[in-house]
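Note sheet for the following structure.
Naming follows writing order (A, B, C, D, E and F), and every chain is counted from residue 1.
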Amino acid sequence: MDAILSLAAANILSPTVLFFILGFAASLARSDLSIPEAVAKGMSLYLLLAIGFKGGAGVAENGLTVTLGFAMIAGIILSASIPLIAFVILRAISGLSRVDAAAVAAHYGSISIVTFVAMTSMLDAAGIAFEGFMVAVAAIMEAPAILTALLLASGATGKKGVDKDLLREVMLNGSIVLLIGAFAIGWITGVEGLAKIEAFIVSPFQGVLCLFLLDMGLIAGRGMRSSRQHLAPPVILFGVLMPVIGASLGLASGLLLGLSVGGVAVLMTLCASASYIAVPAAMRVALPAANPSIYLTLSLGVTFPFNLTVGISLYLAVASLFGG
Amino acid sequence: MDAILSLAAANILSPTVLFFILGFAASLARSDLSIPEAVAKGMSLYLLLAIGFKGGAGVAENGLTVTLGFAMIAGIILSASIPLIAFVILRAISGLSRVDAAAVAAHYGSISIVTFVAMTSMLDAAGIAFEGFMVAVAAIMEAPAILTALLLASGATGKKGVDKDLLREVMLNGSIVLLIGAFAIGWITGVEGLAKIEAFIVSPFQGVLCLFLLDMGLIAGRGMRSSRQHLAPPVILFGVLMPVIGASLGLASGLLLGLSVGGVAVLMTLCASASYIAVPAAMRVALPAANPSIYLTLSLGVTFPFNLTVGISLYLAVASLFGG
Amino acid sequence: MDAILSLAAANILSPTVLFFILGFAASLARSDLSIPEAVAKGMSLYLLLAIGFKGGAGVAENGLTVTLGFAMIAGIILSASIPLIAFVILRAISGLSRVDAAAVAAHYGSISIVTFVAMTSMLDAAGIAFEGFMVAVAAIMEAPAILTALLLASGATGKKGVDKDLLREVMLNGSIVLLIGAFAIGWITGVEGLAKIEAFIVSPFQGVLCLFLLDMGLIAGRGMRSSRQHLAPPVILFGVLMPVIGASLGLASGLLLGLSVGGVAVLMTLCASASYIAVPAAMRVALPAANPSIYLTLSLGVTFPFNLTVGISLYLAVASLFGG
Amino acid sequence: MQTHPAKRIEIIIEAPLLRRLTDALDKADVPGYTVLPVLAGSGKSGPWSREGQVSSAGGMASVTLVTTVERADQVLETAFAVVQPHIGIVSVTDCEVIRPARFA
Amino acid sequence: MQTHPAKRIEIIIEAPLLRRLTDALDKADVPGYTVLPVLAGSGKSGPWSREGQVSSAGGMASVTLVTTVERADQVLETAFAVVQPHIGIVSVTDCEVIRPARFA
Amino acid sequence: MQTHPAKRIEIIIEAPLLRRLTDALDKADVPGYTVLPVLAGSGKSGPWSREGQVSSAGGMASVTLVTTVERADQVLETAFAVVQPHIGIVSVTDCEVIRPARFA
């Protein structure tokens, strides 16, 4: 318990989290502080490229184990099944319509790459290693949740099966392609490749992350300010409860797979986090009747801050407890 | 005198100033060289984050003295009173209308953060220390000038008192919030925090500043090309005279406060510089009758180049003379 | 031959080239991966500033030789005459109209700065020096080709002489101004100036180049996808033949000038590469009847990938052979 | 296709005033509006361009609003109250829409 | 100057749907269209802004299309088929063009 | 609200030509114009998009100009002289404005 608290305290007082809080507070106070869309997207691409590449270079260095394959399969199953749990809970406690509940559920099966980054930064700072291939697991967990959600919604929308175009769009979503592509390039070019671009993707990483989290704080705060009325208390409760449930599933799976402590913590984080790029866009196309204010605000305004400030410390502490 | 000249020569031949001159010349020659708005804004955010954070980390390292409080108060008084002097001079020599004179005056009471950066870069290069809290003084000096200007203009506009919305907008202006926020985060996380993001906010700083000054040169040149006709010779004269007057007030205040040589030079620079972000936007809202071509061109096309090329060397030399 | 092959293999497996291929493949697969225009332009400005500055600092360090003058003259002659050859070949084999052929020819006389960067990165990695002033040669080769092309087209368009406005636009094109300007500033501030901004323009350079080449791949792939039908096989053939012809002329000139092995390789690359910034814009203004799909796709979708993956290794190997 | 007459109102306004305009529109309970970025322009007070700008001061924004013929006048008055002391441009065009209920 | 009547169709649509709309327009062989970026907006589902966004989900795009009076209806139907289940705004305005052949 | 008839002219033109067009408009002493950025488009010469572009060659810009009915023809001729050899789109719409003096 003490360990968790001191970990959490150190995390909350890190520059990255403080910049998130700054952005959140600035938005709530209606400051006009804002980061241009192009710069925000540029930073997002940078983060994807950097973590993909570093993950791949890590695999090149440490070699590939059979665990990778099992971890990928576990990722697919987790991503596809977590929305079921989320959906059931939502229908039981939240009063959201079938379509809205399905759309929200999709986000929780999928993952948030910046939460992943927050956890791995914490691990790096603490000197705890984790499997480089977890990046690939993160990428593969983006999509399956969407399929589950569409099946869940089909009762309400009456549409059967999944649009082929949508499937292609989701699989070839820019962030997935860049993450997987950079991972592959990191793997191919290995430590030598990493050495060439280290000054770009490693040294300034934490600083870029601060600016990016400032932006996330600004958007999350803006969402909370303008869409609070769409989030009834049970919905907000779901937004902090669901990550803990997801993390528990991640913990079980990670232990079963025999991942390192760092790897378990990362898998917990993936299961606990909710998508904010690929899934919202897919939901707008596939489930136009679902209210974006609900799923965007819940994912970015409730679950992301919870994970960033409290969640990741908790997951790491628990992973250490079980894995240590 | 010799010291001033050699300082000025070294300054003018530094990459940052040369890139400003390149941009200025390219604009005058009607080159289509331009930096996208999003990139320019991104660099501006970067500079604010970096200097705010470094200032805060400096305070964390050196501890807080009572001087901080006095310096803040001095900043508020200077910012609020310099517009009065500027207004009187403008009305006496320039032939500008009451409203235009008030709008211009507001800019000179407020500060230009990139001029501040130019001075602190010069100090860093020369190995001269300055008080980290000067960043906070810079932030607090942004706003008071606007109130004075609105009072000065109220005779002409007939409006009494200051719009509450405007007040909030000015106090929560994005650049002020980021500067103060980053300062606070730097202070909280201290040297340890700085170490984490140093590779982002310290190492590449001078390079980013080059690109940013190229942009400032492009905009200043464009303003001069398209708005020269709005600037009568006495107005231009004001644009180089007023910084020197402001700097003198800064010198007196700095010596009274017992600041270090670097601190005095920085306070002189703050008083000498004219706003180009917060104040122009506030003027467009509050004094729509004032001509933006005059205040924007004067601040960015006359006073900023003067300070960058000649002013800051002069202020440092004078500060050394009095403070040494 | 072996040397060429291993050079080519190492080049193709470098992170930069792999990111280009990733972008190209993502576009062909219709992924929505994309880099905002502002970020792409920002990176382009960064690359121009960095190579210009480094070139100038190189000249400051190594002093100026008479070769610089001769190399500049050679650059002008090559840029002006290569379009003639290109035009004759195109008219003989491609079936393009006079205007289209002239527009394409202009691109091949001019240069691609990112191909130049790819070659110099290869040289840096291999520890082979080259003349810093080649940057200035690159800049001067941008424009003459356009004049030749307009003369070639004038038979078809009936317009005599060249529009003065266009001439000014081409000479003061943003990328030329920044390249020359940064070169001059690098020269003036020398090694000392370089030291100040090294952490910005040297260390992260390769990483930025990766992201930039990802973008080039995305655009090239998009062009190929949407404009393939405008490129008949003989036109594509021209797109890989012409660089080799250009490189041969560059080889002969480089040897005549007595350039170093690295210098010869760079001159070959300049002659082999096709413009994608200054010339296309000039063609749209001056030759509106020419189809942009042809010249843009050929330059970016065929010749650039050829040079990047195969060409530059070939040119360096040949230069080593003759110059070694 | 069955269409219904409506009014399209377009307002070009100084960028620093944008929030005041949208706040006023929100308060007047308009059916919706869309803001387009503006790159450059020219008028009595000379040319300007957003390129390279860090401050919003030197620039404009464009707000487009489609509404029913009946509500147009009220919307115009709301908008004009904000724009009036400023240099903003307001223009109104007749148009046709497909789902009129959206614009009431 | 001699001008000819034509129709100007403007569609505001959720950004993630943009490609579907343009694909449909391409398939329907329309004479051309132009996509403008959109910065912010507000409607029944609340306000939004592109500032700082990394996902395209929270945003709209605007498509402008000029066509002959004869073809307008077919274009409208094509567009509406994509927009219909969504929140998109479609408006049609009478306009005049100089080179009518371009828009057929 | 009291409004006055005016003309709204919209020109979509190749981005590298933009400066020539605005220079011509400035010379013709038009009351003002506003330039909107354009993201993507499609026409006889195929589709294009500004995403990731570093050159202005593959792209268009949009110029909007409101003017009095009387001056519209002269403005049209000025614009068309620049646009004519090119692929630009020019359309004219009737509109209403509030402050007609601004547009003369």
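What we mean here is this: a contact is a pair of C-beta atoms (placed from the backbone, for glycine too) under 8 Å apart; a residue touches a chain by one contact, two chains touch by 3 or more.
Bear in mind the structure is a predicted one, so any value in this text is a computation, not a measurement.
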Q) Going by the contact rule set out at the top, which chains touch both chain B and chain D? A) none
**Q.** Chain separated most widely from chain A, comparing mean CA positions
**A.** F
Q. Between copies chain B and chain C, are the contact residues mostly the same numbers or mostly different, with half as the line?
A. different
**Q.** Winner on C-beta contact pairs when A-E is weighed against A-C
**A.** A-C
(Q) Centre to centre, using CA atoms, which chain is the farthest one from chain D? (A) C
(Q) From the mean C-alpha coordinate of chain B to that of chain E, what's the distance rounded to whole Å? (A) 44
Q. Roughly how many whole angstrom separate the Cα centroids of chain A and chain B?
A. 40
(Q) Just the number, please: Cα centre separation of chain C and chain F in whole Å. (A) 34
Q | Per-residue multi-chain contacts in chain F, two or more chains | A | 19, 36-37, 47, 93-94
Q | Set of chain A residues in contact with two or more other chains | A | 32, 34-39, 41-42, 169, 203-204
Q. Hey, which chains are touching each other here?
A. A-B, A-C, A-E, B-C, B-D, C-F, D-E, D-F, E-F
Q | Of all residues in chain A, those that touch chain E in their complex | A | 34-37, 40-41, 43-44, 165, 169, 215, 218-219, 222, 226-227, 230, 276-278, 280-285, 288-289, 291-293, 296
Q. So in the complex, which bits of chain E are touching chain F?
A. 1, 3, 6, 8, 22, 25-26, 31-37, 61, 66, 93-99, 102
Q: Show which residues of chain C lie in contact with chain B when the two form their complex.
A: 36-39, 41-42, 45-46, 49, 53, 168-169, 172-175, 177-178, 181-182, 184-185, 188-189, 193, 196-201, 203-204
Q) Which part of chain E faces chain D closely enough to touch in the complex? A) 12, 36-44, 47, 60, 62, 73, 76-77, 80, 89-94
Q) Touching chain A in the complex: which residues of chain C? A) 13-15, 18-19, 22, 26, 29-39, 42, 125, 203-208, 210-211, 214
